[in-house]
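Once you scroll down, you'll see the structures, which are given as structure tokens.
Heads up, the next two complexes both have subunit A, just with different partners, subunit B and then subunit C.
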Partner chain A sequence: MAAARRNPWVPVAGLAALAAWPLVEPALPASLQVGEPLTEVFIYAILALGLNVLTGFTGLLNLGVAAFAAIGAYAYSIATCEVYPFQLGFWPALAVTGAIGALAGFALGAPTLRVRGDYLAIVTLGFGEIVKDVLVNLDAITKGTQGINPLPPPSLLGTPLEARGQYWLYLGFVVATFVGVRALERSRVGRAWISIREDELASRAMGIRPDRAKMLAFATCAALAALSGALLVSRLSSSGEPSNYGFEVSIIALCIVIVGGIGSVRGTLLGAFVMVGMNSIVLVRLTEVLGSGAEGMAAAAPAADAGMLAHAWHFVRTWAHNVLLTPTNWKFLLFGLALVLMMVFRPQGILPPRAVHEDPPQPVPPGSEGVRA
Partner chain B sequence: MLRAAAAADQLAILALARADSLPAFASDGVLSSSEVFSQQLVTGLSNGMIIALIAIGYTMVYGIVELINFAHGDLCMLGAFFALTAVGAFALEGAGGAGGTAGLVALLLATAAFCGALNWSINRLAYRPLRSASKLSLLVSAIGASFVLVNLGLFWGGLPMEVFAGGTSAAAPKAFPALVEPKPAFTVGDVIVSRPDVLVLAVTVPLMLALTWLVRFTKLGKAMRAVAQNPTAASLMGIDVERVIGATFFIGGALGGFATVVYSIYNQTVGFQMGYRMGMDAFIAAVLGGIGNLPGAVLGGLVIGVVRAMSDGYVEARWTNAIVFGLLILILVFRPSGLLGAKLREKV
Partner chain C sequence: MSAILEVKDVTMRFGGLVANERVSLSVRPGEIFAVIGPNGAGKTTLFNAITGIYEPTEGDVLFEGRPIRREWTAADRIRGLAVGAVSAVAAVLALNATALWTAAINDRYVMGEPFPWGGALGSVPATLRDAGFWTTWFAAIAAFAVGRLAFGAIWRAQRRTPDLVARAGIARTFQNIRLFGEMNLVENVLVGMDQHFRSGYWACLVRTPGFRRERERMRRRAFELLQFVDLADEAAEPARSLPYGHQRRLEIARALATKPRLILLDEPAAGMNPAESADLMKLIRRIRESGITVVLIEHDMKVVMGISDRIAVLQYGKKIAEGTPEAIRNDPVCVAAYLGTEELG
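Up next is the complex of A and B:
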């Protein structure tokens, strides 16, 4: 890990490997073909990089980032789908989506500037629930659970892209977001964000206007989240149903940021690979392997008859058949255990940001500083 | 109709009530609209008392370790599964008279002990190693613990027991038997107070009184208040901080255990995803009242319960969640530390 931080060739090699993946993939056995889930990693990476601006840099905990993704997804869908009057192309629709996302960020950020710490977290969580419920209930516009479809595929220079082209395009978006967020981090506004996180009062004394900087952080986070939502639906050619943008998505995004190393752009990117990779690649593969094993066991097990032991065996076997032998039923257990273990053994994340000062960085939401020494 | 509207003015949220939905709701011609209002109020207050009991668990933990204990709602969910399993194993259903009452009391105590012990263990395994880490790490650990509990609930629901309908589907909601029959207990004017309503009061009010006594007048309560105020100073005064934190988790969990039994009897359904809704309502109630503040949690619970019931009755059930969250946001924007909460200190 320490070597990875110093060696400038590691990111270059990683990017090259990712870029070459679609060329190598067809030669690999089916169980190693992960191009499809990798595109999902890219989409989550953009969402998490946006969240890192708000929660990592600025220290404002957001538990409803999926709402911005939902706003982006539906804005893009309505802008492009043939049943609505706008019917924009891919790129103009993306621009519109980003602008709408930023506006949504302002809309949530402005009234909540005076809400602090954990209270802000609960407001953002409520915002996420409200957006989801409104999308479900306004089914005249959002088509409810049917979703808005079909949507035009992503295109470049007027040419619609198929799977491999989309992969590269989305990889390009991740790289652009990464570079952009890194540049922001070092810019005037980025340093303002970090100083607000460290000490709002001191940064105010230094001439920073915290309200303005926080609004910008909200808008940046929301625009990137909206972009990720638009990229998601454009790939699926459907907005999906509103429940796809629920609390779970917000939590996965937050976990990516925290597991990667809160406040660290590189860590967030790595976190997306770890978390989404575990969720969509490792668990899915495990499901397939265990699923075939389960069928064998169910067939081989003896039938139940009288006797305590046989009865108990039958009980356990039925239980296993009902629930235990379906590995997707283990998803939350593994996910939850990974989070707890990660926090217990490496709470600063895989790749923590370089310390601003001598102490290890402890990003605490402003206004709720700890009482223990 | 007019009377209902006049009463509605007292609750700002009812400004959202659609006038045309009122006659539709009272269309069976038996209830007048003021009776509908009162009946919804009774339901809302009962649910509110249950929510309040769960909210106390949130607010106690927050007061002492400044952690939003995300796993608390799912802890209550596991408590509901525990209770349902016990009902099946000891055939508590349909046992009337004194035996039935004794069984119900035993069920309440056992579930409370289960939830308390579980909450204590979660603190021990997932939160205690993180005392010196940042609070965000602690929050993520709580989210992880919540995921683990949800998954355990799914496994539990898959047990091939008869109370779980033979375990045909682990994820399906299970029917919880009406241990206290939903019959009218007495009427006030024309408003019916049912036997489950009485059960709710009989369980929640004494517990809240007992907790108030514990926090105000016992040595443990004094230690809890001291740790909440300043853990370092408390430990210098000879208080075993970790023991006090453990006790807080146990008590908060046990209250959740009582609440979840009453909740299951009142609402008659149990499922592995119920924890999210229970936890969210209670969490909102705690924040609404001012997190860390015990009377605030009770007030917040009552407000949430009543607003939910009114929204179900006068607006539309599908908008209830949005209305509850909207109300929460409005209150926090205009009163950022909750109804009864102390002002958060600015960092100096």
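Up next is the complex of A and C:
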């Protein structure tokens, strides 16, 4: 019995809806206009798809994927910003960024080939922190905590793109990443990765070379993470400061993979919409709505000579405004809660990976059987 | 007749435990050779030593007259030097990053004016000279040594790995079945075929026409192998969901997919009912007929006596007998090993 085929129209319809969104959005009421944060969803989707190659397919837990995004962000910034002599265009800079990201992947992958499980998680966690600190301290090159700006906007065929064009371009990058990762998953490369996750010794005994496969996984993960970093900074027109690429970013990427379904490409994509959508759209909107519904809550402080009770009442109102009515402040709480709920009710993720990637061919005519083809 | 597999005085020691002591076997091409013995006799350890999971403490394993072992070639020499050189350059760049960048870029670039690319690297020697001995020469030499030594250590540890043995032409199955449970049967077999694929990373990424043709051809061959072990009907099932006896046959198909000249089967009949083990005997004979030499570990005496050309008996890590099934059955030492000696008195 073949695994149930999914409806092929679901991805087509989803893509069409996303592509049409910028055209439809202006006609919608203001509270439904979410265009800007959707681009952030796309950037996180690329980061998480890269992480899924390493952690989902190959089973190597990486808690420092943000470091690769940081390397990509800074490589892109240095390659394009006018305060450096390089000043590459958008596309050549992306190519350079991808190559530098892949090199960074090799640099982390090579010494850690024999480190597995918890130990690898600790090494990658350390790598993430080290990269962040190096970027701060190499301030002659990276401008330290100032960040690098201004960066030229993304462009296509020599034309700089404004917000809507960027949206479509980034959507295109997500689609290309998705298609590419899927193609790898369903080829010998992905099979080697998954066989290492399932049983490294058995895959070795079948002639798979785990070192090569793991290096490819590291390089793929790092190149995609670097790409996401470059896309992020080119949209913001600034590299931001190194602490923007900290442990939280790594953990959000990991949450996306886990919530979506570890090892599942479709799940990871959906996870990006769920997690980043909740973080950047739902919580922000909720905060706005609650805030506007309770204007009076954050009233001006009472006069200094007002009674003790007035001060206490003001404190309670401010607290309620800052905590209860500002869900964006709870985002890590909600991420944690989402993870706990997933682990309890659906540990395999929202869209777990299909067990089967390769359908058997049509039966061959009798007589052509034999061990040696 | 020269042996296809020659185990010469192999000793496997784990601390104080001697799992194999000076075991020698000589398997001829085209035969079915059985290794039997009570539990804990060291049969699986011997298989692991042959297939590169363990490195024999003493002794040699020869396949087709040669040890399966990487030799230190000119290419390895160059690779080692390259690793050392890259480490040296990386160390010097890392230690002098700020000075080098400042001299080459920051001091020479004025925003808005064209950058004099021609002399960009001219400042490097002076910068490194100013940086002093410790961050240039010492760092370069130390990093070169570390990189080169690390390469050598890794190379030495990898002289005889299971993947090298598998690629040399020895395939195996495992006593405690080790399939890829989440993959279906076709995919499990395709993993075994991995070394025969030609398409590389980029061809897989962009799905070139050559990649598609190869994929179709390989899938077909995988399916033929499933037909060979009589599992074609379940080809699309995940391996995890198969009954035990079928999983053993799938492991055989996956091992055959590597196109071996020698296959090692570790207790292929374990957990099979009599009808299944009769089928298994037929399958093993068909494998031999296709030109593959078979070595098996088995406890089921009906299977062992029914298909083996020769049998070796291990006990407490030592070989105590070797010969035809007839000879083994009548050998008092072997009977004693299995049934114990009669108590006298």
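Note that the second predicted complex is superposed on the first by the 318 of 373 C-alpha atoms of A that agree within 3 Å, B and C clash if a C-alpha of one lies under 4 Å from a C-alpha of the other, contacts with A are read in each partner's own complex, and residues count from 1 in each chain.
Everything below uses one rule, namely that a contact is a pair of C-beta atoms (placed from the backbone, for glycine too) under 8 Å apart; a residue touches a chain by one contact, two chains touch by 3 or more.
What you see is a predicted model, and the numbers here were worked out from it, not measured in a lab.
**Q** Taking the superposition on A as described, I'd like to know which of subunit B and subunit C A:Asp199 touches: first, second, both or neither.
**A** After superposing on A, A:Asp199 lies in contact with both subunit B and subunit C.
**Q** In the overlay, answer first, second, both or neither for which of subunit B and subunit C A:Val83 touches.
**A** Touch partner of A:Val83: subunit C, not subunit B.
**Q** Quick check for you: in the superposed arrangement, does A:Val323 touch first (subunit B), second (subunit C), both or neither?
**A** After superposing on A, A:Val323 lies in contact with subunit B but is clear of subunit C.
**Q** Does subunit B (first) or subunit C (second) touch A:Leu23, or do both, or does neither?
**A** neither
**Q** Pick one for A:Leu157: touches subunit B only (first), subunit C only (second), both, or neither.
**A** In the superposition, A:Leu157 contacts neither subunit B nor subunit C.
**Q** I'd like to know which partner A:Met308 touches here: subunit B for first, subunit C for second, both or neither.
**A** Neither subunit B nor subunit C is touched by A:Met308.
**Q** Is it subunit B or subunit C that touches the larger share of residues in subunit A?
**A** Touched residues of subunit A are more numerous for B.
**Q** Touching subunit B and also subunit C: which subunit A residues?
**A** Shared contact residues on subunit A: 199, 201, 363-364, 368-373.
**Q** If we count contacts the way the header does, which residues on subunit A are in touch with subunit B in the complex?
**A** Per the touch definition, subunit A meets subunit B at residues 55, 61, 111-112, 114-119, 121-123, 126-127, 129-130, 133-134, 136-137, 199-201, 247, 251, 254-255, 258-259, 262, 315, 318-319, 322-324, 329-333, 335-340, 342-344, 347-348, 362-373.
**Q** Which of the residues in subunit B come into contact with subunit A in the complex?
**A** Residues 62, 66, 68, 125-126, 129-141, 143-152, 154-155, 157-160, 167-170, 229-232, 276, 280, 283-284, 287, 291, 318-319, 321-322, 325-326, 328-329, 332-333, 336-338, 344-348.
**Q** Touching residues of subunit A toward subunit C in the complex: what are they?
**A** It comes out as residues 1-3, 82-85, 138, 140-141, 180, 183-184, 187-192, 194-195, 198-199, 201-210, 216, 353, 355-361, 363-364, 368-373.
**Q** Okay, in this complex, where on subunit C does subunit A touch?
**A** By the definition above, subunit C touches subunit A via 51, 53, 97-98, 101-102, 105-106, 109, 111-112, 115, 117, 161-163, 165-167, 171-172, 174, 178-187, 190-192, 194-195, 197, 199, 201, 204-207, 211, 215-216, 219-221, 223-228, 232, 235-238, 240, 254-259, 286-287, 290-292.
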